[in-house]
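All chains are identified by letter, namely A, B, C and D, in their written order; residue positions are counted from 1 within each chain.
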């Protein structure tokens, strides 16, 4: 049951839509090819980047199936949370049957959960529906409103969630990250904030899940490789390049900007579902001009 | 299309579940009887009190149908938001077909919507699926994270949402409430925070949607009637009684406490869906003892 | 020692500066005349409106002395908090010696105080330096970061602060206000948020401290008088006028806008101390045009 | 005028008080000896750790003088902000006359400053009173409420503050830190959050100001030295030790706990000024037991 130690970069994959906005699982194999080309070790399916909040349960299941088919040696972590317990249990059971390597679980944001104990209640209930599959807690305070430090939560979860494999930590506090990594050897923390990769690696984190790894993994891989060799100068240089790219991306809008980049790389994942917008032609042109020559992408950007 | 002016109290109904946790629409007619008995003017179906976040689309549709059947002269407002645009559109279309008086729409919390314009985008898209049905925006910053003052949002919405009837305002700022009421005569603001009813009535609000109106409407009706007569002393006395009850309810936990009260009144709406808890026997006993003699309930509480 | 029941409006006075920015206590008697003219019952000296944060201890003392001299039958409440305990004690002792009717005490914002107990520690220490003078706690979460409900804090303070007279409540939550008013008959709550006056009066509040009462007391006095007679329609009309004025003031900037109005009324309190700005000529002209005909002022506005 | 590049650790010194709570500048030379013993490169005088908010202007001046006397080759940065512009200017002028190496300036928290432009207004006004002394902006959102990213603020300040030398960044976001470091070669960013030292060094930061460096500098110096040699394993090990110590310190209370440690090391800086507490005997015993054997201190802890 226990997932092996993860060591490398995992993309939080975009969900592909066609021109009518329908889920277009045919694109998944193109995404998988790109991920292999960039040396990623895994895929996180149907997370925030994957717009889980705009997908039906059937679409989430179809997406998981497509990724298990296309993954090859990529580790597949399926996000099964964000919804009511019973629905999340259906997704967890399906993910296990489909053969994912792990599930991950964001506490449903509307529940009003604020305490560590209640968050673990949710995780325990959902993960019990996939009793032979590793489970990662999904720590993202900006979405859930739960501001309990991750180490406190894991200390409770470790006694109550037999499949607990660790957590995806989407936060900037490296002291909490460090403490969470000390909770147990059986717990892996995946850094979930792309711009904090270098800091997290310095603190001993081994793997990371990121949204910009969909297309800009090369610059993060340079950080990762440089840190593996102890070459801090190279790591810092790549970090500056990554941060400057993210600055431009935030200005354009994360989902519209990222999906435009994917298209410019030849992998058309469509536009975000409404009410998220796509870039209008002028913004797209300005964004392309601002980033096209940045040394961060896996392929050249063809507008 | 336009809904007549609302004048009175509207319960944000609890969703009834049976002992296995399945939706139990048979109880809806009992709830409707209690609402008539208390003199309510309407019902708000599938809102936060109704645990929309723990209901499937099919359950939300079944609930709406049961309420339209049972409502009699109660105004029925169906909450159709909180989910992705396409799903909310399905609910809006269904609500119109079923014959509700109005829909209401909470912006899906995970979307990352922060601006007035983006919130109106969502409302516009959803309400366009029910083009002959009045629509109320659902303003609840603690859930959506949207902190735009309601008047600014309505000034944009009024030009873009032809079915706009007003908003449910679940917030304490009476200055914003007052400004929102000035935006247009075609806009009705429903106060959505039970403890602010007296203040809102003082500012000229005509109707309110509340969670505690499910069972404690009498005390709020006394506030309402006293204010209609300009009897401030009576209004203040009832307000103190209402506030002191809510203090006890918050201590017990809102959903578990409220559903216990409903059962003690003979209308068994079951327990909240997980991970929300039910009261354990000791807590239930202490809660009953604390509130049983409070002069706020429609019926005596039989544990 | 105990202050009599306050019943009416209290201005949070602006601190007067001359053209060089020095404290100009000569203007205090003009402010007092205006306050008498408007029917105010008291003055709150050196609060946030009075820019205590830009005053030295000597200036705060001089201001208190000037107000005790000029007050006539106005109740004088001197703010002595916001600074370190020892300095606040010096101010409290001086205020008592000077002969104020009461002191009020904002917990020093930098202290990192978050709990009710620690806030009461501060209040207890400061008020002990004026053992024969009534003390009002100053509840303003936006400045102190203390989010403990006022009633919980008062329940602790009432046993530990022998001079406790109540609190200035600068917040919008009328349920907390109502509960605070229930803590004891010996406790008076002064509403500190101008736009919430009508709602607070509906809930039984008897007195209020306000920044816009410096010059726009007439419109609030109309609210106050209408509520005393149970004439809700008149109260609502005045409330709309007050709220619309505050909307314009917020757009201009509260301190620069308010000090411009004072000057236009013939009471020149100067400009706010830096880095707060004064209105540039264009903004001043636009602001004057926007508000000059609003039916809220005590005197006409002569630019 | 320009300060040379800082490279190492700077203690945010505690302010020493005697048994009556009076400032006791005689202890400063003992603190300086300890700092030299630990290899620190500088001292930050009268910051948050130094309880500036509980010091009078005269005390702040006396403290600065004592440190300039005792510093030897330690760089002296005097905090001159947190108070009204005119007072901060007096402190800035005095600091320059006394001969500090640099000043630093926290925007006065009560001012209601929220924008980058207004924050720079404050910095510009204060630093203009020390026109021949390097000035560091003090970025600490938790105290000032200013949430403008530091790089945006520096881009404005660099054109308006001729003495600008950089900033003290007391925040966890390494992406903002990285961008701030890119603003100009003339700008030095000092990491101000002790637990983020390792992450910041990984991102290329050269110097840090810390509260726990008063007594636990050895463990941070090990992080610093290990990073200088590219020995990530050693850096990680020391980082875990530092983080675990801070966890214990937070439990005891930062100011009371830290001042107890100083006393146990033979440098008696007294207790924090009220309302901050000192540790009661039981808490002190428990805290000593929890930390005495941690491998982070410069001297053994003698209770």
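Worth a mention:
Going forward, a residue touches a chain if its C-beta (ideal position, glycine included) is under 8 Å from a C-beta of that chain, and two chains touch if they have at least 3 such contacts.
Not measured: the values here are computed from a predicted model.
Between chain A and chain D, two chains of identical sequence, the interface residue sets overlap for the most part, with shared numbers making up over half of the total.
Centre-to-centre, using mean CA coordinates, chain A is 36 Å away from chain D. With centres set at the average Cα position, the gap from chain A to chain C is 50 Å.
If touching chains are joined by edges, the resulting network of the protein chains shown is one closed cycle, each chain touching exactly two neighbours.
On chain A, the positions that touch chain D within their shared complex are 172-175, 178-179, 182, 195-196, 198-204, 227, 230-232, 235-236, 239-240, 243-244, 246-247. Per the touch definition, chain C reaches chain D in the complex via residues 21, 48, 52-56, 82-87, 108-111, 113, 118, 121-122, 125, 143, 273-276.
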